Each structure stands twice: as C-alpha cells, then as structure tokens.
Amino acid sequence: MNSKIFFTGAAALLCVAGAMAQEKKDPPSLTEVWKPEPRVITPGASASSAPSDAIVLFDGKSTDAWVGTDGGPIKWDIADGAMTVKGGSGEITSKEKFGDCQLHIEWRTPAEVKGDGQGRGNSGIFLMGKYELQVLDSYNNRTYSNGQAGSIYKQLIPLVNASRKPGEWQTYDVIFTAPRFNEDGTVKMAARITVIHNGVLVQNNATLIGSTQYIGIASYEKHSDSEPIKLQDHGNPVSYRNIWVRKL
Amino acid sequence: MNSKIFFTGAAALLCVAGAMAQEKKDPPSLTEVWKPEPRVITPGASASSAPSDAIVLFDGKSTDAWVGTDGGPIKWDIADGAMTVKGGSGEITSKEKFGDCQLHIEWRTPAEVKGDGQGRGNSGIFLMGKYELQVLDSYNNRTYSNGQAGSIYKQLIPLVNASRKPGEWQTYDVIFTAPRFNEDGTVKMAARITVIHNGVLVQNNATLIGSTQYIGIASYEKHSDSEPIKLQDHGNPVSYRNIWVRKL
Amino acid sequence: MNSKIFFTGAAALLCVAGAMAQEKKDPPSLTEVWKPEPRVITPGASASSAPSDAIVLFDGKSTDAWVGTDGGPIKWDIADGAMTVKGGSGEITSKEKFGDCQLHIEWRTPAEVKGDGQGRGNSGIFLMGKYELQVLDSYNNRTYSNGQAGSIYKQLIPLVNASRKPGEWQTYDVIFTAPRFNEDGTVKMAARITVIHNGVLVQNNATLIGSTQYIGIASYEKHSDSEPIKLQDHGNPVSYRNIWVRKL
Amino acid sequence: MNSKIFFTGAAALLCVAGAMAQEKKDPPSLTEVWKPEPRVITPGASASSAPSDAIVLFDGKSTDAWVGTDGGPIKWDIADGAMTVKGGSGEITSKEKFGDCQLHIEWRTPAEVKGDGQGRGNSGIFLMGKYELQVLDSYNNRTYSNGQAGSIYKQLIPLVNASRKPGEWQTYDVIFTAPRFNEDGTVKMAARITVIHNGVLVQNNATLIGSTQYIGIASYEKHSDSEPIKLQDHGNPVSYRNIWVRKL
C-alpha cells in the first residue's frame, strides 16, 4: 500500500482523503494512540493487597466465596485470619469461576515439620479446578523437581527454589492464560502460566501440557472458558490467606 | 499432590480409586492419549491444493465468493484462471468472514515492469480487512523493508526476500491468529502471523501491532472475531488465483 | 518521554536535535523502515523445492549428508530417488547440526499394508536427535492420538488427520524453534513447532514438553544449540526423499 | 515410535533395554522428573525486597552502580533513601548490563503537581537502554494511552491505569525477554514484556515492535545480548528507590 501514486478507485480516494486529514498532525503526534483509554482502578495499599477490580476470595474472615465437597460450607479451620486444611474434610472450591486471571494467594506450611518429600506440607492450587500449582514445604526437602513448590505438578519445574521456612507465610502471584479449544476438542491454544514465588519468578509464561494427573501423562479435555479454583486437602494442615483474583 | 500417603477426604478417595484403575495399564500406555481423535480430512492433490475442509475463495472461475466496493459483483478482470486488479474498480471483499485461519493464495505481478518502489506491482491481502500482508513486485526493486513483499505493511520486515520474477506466479501460505480484545477495547492478545513465501519462511509467528495504517502508527481497534478478507486495488494489474482458507 | 516541554539536559538536547532532523520527513515516511534490508534468496522451482539458502540433506541420489549407527555410510536402500529404511540397519543421522530451522521432508509408508496401530508404516523424524515428529501410516489406522502421523510423539496431538493413502508420498513442512536452557539446566524457553502435513496445518506453534520418551514423561535435558537430525529405523520400510533444511 | 513390535536394529535394542530398565518403576514415578534440581535462593524479607540472587542497583544509599552522561558519578539528588532526577543533569546508566531479566523498581512523581499530560512527573525506564517503560504521573492526568504510566512508550497501551496519587511510591515488577537477532540484523524473536504496576498486571507478555522512538515508528536495530538500564531525565524531579534485577 502506498498512496503517493496515481489511481482512481473509490477506496483509493477515501484513502487519500484520510491521509490528507492526518497530515495536519505534527510528526510526533502521529505515533500517539488515544484510544482506548485504559479504565482506572485503585491499586491496593500494597502490591499484595487487592486492587479495586479484584474479586476477594478470602479476606481473613469470610469463607462465603467457597464450598466444600458436599456443596455446603467448608469444614477447614478458620482462625487468625487464615483458612487451614482440616485433613479429611476435602478440597474447597470457589463459587466464582475464572478463566484468564491474575491471582494473588498466600500460604503457609506447618511450622512443625513432619514427613518428607511429598508428605511434608502438601496442598495445591488447582486453577480451573484442573491445573495444579503445587503447594509444598520445599525448604530443605528434596522431592522430584516437577513436584516441588512453584512447580506445575508433574509438568513444569520451577526456575529456582525460592521457598521460605516452614511456618512462614509465602506468596504466589500468578498470571494464568486459560487454554482454548476447538469445537472437536482439539487444543487451539494451550494454557500458559507465570508464577512469582515470594517475589521471585519461577514460571515464565510456561506452557501447560494438560490437566494435572498423578499417574500418566497430563492431557487436555475440553472444558468451558471459566471454572472454579480449588484448594487441595492433602492431609497436611496447610494454611491460606489473602486470596484475590482479577479476571483478565 | 501425591496419593501415597494416608488421608481420608472424599476427593482423596476418589483420587486413589482413579489411580488404582490406572495402575492396571502397562507403563508405555500411561503416556498414550486417545482423546480427542483428530477429525479426518482429505488433503489436496498437492500441498498447494485445497484440502477437503477448506473454503475455496477462488478456483479459477467463479467470483461468487467476493463482492466489489458497491456490494455487487466484482469488476476485476477474470481470465486464464486468474482474477486481475482492474485499476480504479476498487478492492474486493470476501463474503465469508474469517478469524484464526490458514490461507493459501497465489499472486502474480505484471511481466511488463512499470514504475518502481511502491509503484511496481502493488496490491495487498488484508486479513480481517485490516491487517495487510503486502503484495509487491520486490524482485530487484528496493523499497522500505517493512513495505516489501512478505512484509506486514509498515509493521514487520520479512526475514528474507524470496521473490520470484515479475510475471511468475508466487505463493503465500499464511497461518493467522486473530487478535483478542477485552470488553473495554484493550488488547487481550495481539494478532500473530506466520508467512511462507514461495516455500520460504518470511514471518515466523510474528506479532502485529495493530491494523495497517499508511500514515502514523498502526493500532488496534476492537472488532469482531471474524471479518472478511480484502484484496487491494492499488492501480496495478496484479493477478490472484487458487485462494483457499481453512478456519482454525 | 516527550520532547515538547522545556528542559536542558545534554541527553535531552541530543533528543531534540534528532527530532528536528527527522521532522523534515513527510508523515508517511515516518513509518517506513529501511534497515535491515532482508537478504535476497532464490526460491525453489516450486514451494516444495529447496531454495538457494537451504542445506539439501537428500536430493534423491547422494546420501553423503548422513551417517549410520556405526558412524559410517548408511545402510538403508537407495532407489528411485528415495531412501528406504532397511529394518535392523538402524537410524540415520545428519552430519550437519541444526537448531532453529525450517525443514521440508517427504515420506511414504509401504503401499502394501502390514500390521496395525504403531506397527504399520512406523518411522520418525527426530529434530535435534531428540524431538520426534511421528511418521506413521495413519490412513484408516487408529492408534493413540498423540502417536499418529503429525503428532509430536506422546506429546502433541495433531489438529487434524491429513494423511494420504499408504504408498503415496506425503510432505511435512516444519518450523522448529529449539529450546533454550539456563546455565544450570533449567529451561529458559521450551521448544516450539509448527507442522504442515500435506499442505494442512497440524501443529500450530505448539510447545514441546521435552525430549521424546517411550515410557514415562518427556523432559528436557540441557543440550547444545544445534544437534543432528535423525531418521528412525522402526523396522518398517518407510521411504524418504527431497529433504532440505534452512537454518533460522 | 513404539517398542512393542519386533525389530532388530541396534538402536532399537538399546531402546528396549532402556524401556526394561524403566519398567521397574511404579506408574506414578514415571512422570516424576528429578533433574535438574532448581538452585536454591533466599527470597527477600518481602516480595518487594531483593532476593539473594539479585543485583541491587540502588539500596537507598550507594549510587555506585550508575554512571552519569559524562561517564562519571551521577548528579541526581540522593536523599531520604531515594535518587531524584535533577533536571538537566542527564540520564543515568547502570554499569552492569542486562538481557532477559526480572526487574523491581519503585518510583514517585512529585507531590506538588505541575504541568499536565506528558509534562507532569515524566521520566522513563529504558530496558537495554532502548525500550522505554514509561514513568509518568497518570493520576487524573490524561495523555495518549500509549504514553501513560505502564505503557511501553508509543508502543503498548497498559491494560488498566493502576496509578497511585502524586507523591506516593509506586512499584513496577517487570519480566523482560530481550530480542534475539539474526546475523544479518533481521529479528529472530521480538522483545516481550510483562509489567505489574502496584500489584496489578498492566502488560501481559506483550511484544515490542522496536526501540522507543519519539518521532516515527519504533524499529529494531541489532544490538548485543545485554545492555545497561537507563533512567531518563525528563526535567521533572521524579524519584527512584529499591531497584534490583535478577538475570534470567
């Protein structure tokens, strides 16, 4: 395309007219883009606090945003501004559904260390109920690399081990891009994830191979654009607090 | 997650039961995935021919898939299995709309060389009516790099110049990923394009910055998921043939 | 940044001077980019033919570009412009090494159908000797979806099954982006692949999870930037021809 | 590939042997990956504090990590744990060079509001000295969308406006992927950036079109793998503190 040469088509004339209108601008303004104007939001008091457009899933008190395995109120322990896994009470599921999202979540493994490997401070955050960001006490606790804290369980090894000590609160800041499916169930775009663990990048827009499997390979099964978040009961009293999500 | 340790939650029991069912499989089969089964299509007689699931936009004869600038039949010249730009008759627009797609298209600039730079054998393929893959006689015809054949006009320089001589048929094989927008018009995912020119990769999953502009910077304006393809009348008698598209 | 306001820093003055120099340009030329000028190459006679900058690995006659399992000449059958797997003679390995590349390769499974599933017309193209693009007779021959023609073996299901009949030549056009590793062996960027099978897109810039494994999950092990291509001897007399690679 | 059928090649035998060795594993362990073991780092006291593997560019006191426009010590004002632009003293440049990196940086525009649009609280963070993440007082201060805080100047509009009030400290957490170039200067992979502004995602792995330009279109010019970070003197007394970078 180039409008300097001579031609007579209607579309071409429109194009030239458009060009003439634009030529009144000064050169620097030609690379200014004014639309759309990004909507204004109010950030939280700190970078870890929920901004004004976030959906708060747990503020330290109310568990209204969650249901237990029987569809009723969750049976985890609520104390000191935290929700703590009560072994055997089952996973908890958010009432709200999410697809692409930014998630902030804080978690703590027990100060009293018990067990080792996958048996120590084990829980998990299942994005869309299917894609597990591992929660584990990985402080001086070797397990398989794709099963430690910061891993996408049995899929993606974290770039570094940025774990805090047992009993200390840790943070995950997550940017999740949901998978897209074709009508026939094949994968149009695989899911992708960025994870910042305690301020340190551990997954860098990494691609997921499917929904988490304990045995055998993860694979994708077509699902809807948004699904609840689940937090796993793996028997260990892992605690959670300050959970908020922004839909992207 | 790890099911070897003891716990009693309902979800956990389901998990163990699932694991037990799977353990009957032999190890190699644990990484076999049987679903979905990709649908079967029939490829064309050659790699350039339309496969069974393609929408044929021009087969050498019928121009029924296109409309002219007045919404009626196109006024380009149809001869020898090709559609040729009739300068001043205006661009042509496909009736069918496309978003993510694979496009095959063949084009030819005039054997008789006239003009130079952007004035020689100029036309263009506007994906979604907005994103121009440049068509130009770039055989021994220097112009700005982001305006030569294989470029995304004024956005993306091709990796190499793989042009054929004027008067020879050339091919573009394109994989296009449409942009995604947020409700408020901001860009969720920018458009991406891969272009193979005469069998040679010239754009490698490159990212577009917006809809093509002749003056000033390209930028995105929210539009629907699928839009028609347009072929430009830039005044030069450029020809097209064998055009087919597969929706992705 | 914006140079319209008053300020006095040395860098700022340079910036204004640069701006003044540029302001002499007319508005359309402000979005022209002249450097770099893409190098000129000569495309092949058809889109399947090797362009001038390709390394030809098999032109129908010479097998000089390959070595057998003992490091000597390959023992496959060479006839009628094709190399055919001689069962038990072992895989063949390119002498040249490749990282990011565009690969064209043609293959044919036996016209006489024997066996089924993975036992019919099985071979494979190992990019970097590690990442297998499956070769299989997948015409009316169901196997696991991540093991059929067009799959990345046990990793990525093809978008469609675009197989030709046994005995017919088929094409793969591949754009491969090699993985990048950090010093410590963690993955900086996973490998990605686009595959066009008989002219039909079957892998769309899909992400690989690691080097191909028959048992257990694929994972990455750090390797160099370029590695040889290998063609598999899986016991079936699969043929290859017209193999060329462009380094990207 | 599939080892269940009979064949006799040397490579095949090796493959079967490997499979037998692996078959001793229990099914869940087949998807465990133990290598590499991610290196252990110590996160900062908070998610905003420098972790043990970060290079601290400004800790509130020393400016040793920077040089001024004359190659000597910087001339900005150092007080109260912050570096503040001294209008006319010029940009400052990090001594260390960076390519792919994670950057944390805090900045503050003057509490006393002066000017408007690009004239209010303007500075900028130039990654690799070339790619500007805009710093601007964008609190109730409309300018062009691709020039406000959180934008990549004249390239990428932020997803939202998450600005704090003038006089308040703000944070950018950045994940930057440097561009890759081919030998001949063409772009192998464009640069990408993720920006979290005050805890809110404003750039999501977005693709840059080139080095920042005030007039005309940004474009890439080949440069080395790592380059210094620059902070702009735009005449306004913008302050910076707590700057650290992790090489990725």
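We call the chains A, B, C and D, going by the order they appear; numbering starts again at 1 in every chain.
Assume a residue touches a chain if its C-beta (ideal position, glycine included) is under 8 Å from a C-beta of that chain, and two chains touch if they have at least 3 such contacts.
All values reported here derive from a predicted model rather than from experimental measurement.
Same interface as B-C, judged by over half of the contact pairs sharing residue numbers, among the pairs A-D, B-D or A-C: A-D. Centre-to-centre spacing of subunit C and subunit D amounts to 31 Å, using the average Cα coordinate of each chain. Separation between the centroids of subunit A and subunit D, computed from CA atoms only, is 20 Å. Looking at subunit D, residues 2-4, 19, 22-23, 25, 27-28, 30-31, 33, 35-36, 38-39, 146-147, 154, 157, 159-160, 182, 186, 214-217, 219, 248 sit in touch with two or more other chains.
Judged by the touch criterion defined above, the protein chains are all mutually in contact, each touching every other.
Across the interface of their complex, subunit A is touched by residues 1-12, 15, 18-19, 22-23, 25, 30-33, 35-36, 38-39, 69, 87-91, 100, 115, 117-119, 122, 124, 132, 134, 147, 153, 182, 184-186, 188, 212, 214-217, 219, 221-222, 232-235, 248 of subunit B. Those residues of subunit D whose C-beta lies close enough to touch subunit A in the complex are 27-28, 30-44, 46-49, 51, 53, 102, 104, 142, 144-148, 150, 154, 157-164, 171, 173, 175, 177, 192, 194, 196-202, 204-205, 213-217, 246, 248. Against subunit A, in their complex, subunit C makes its touches with residues 2-4, 19, 22-23, 25-28, 30-31, 146, 154-155, 157, 159-160, 182, 186-187, 190, 206-207, 209, 217, 219.
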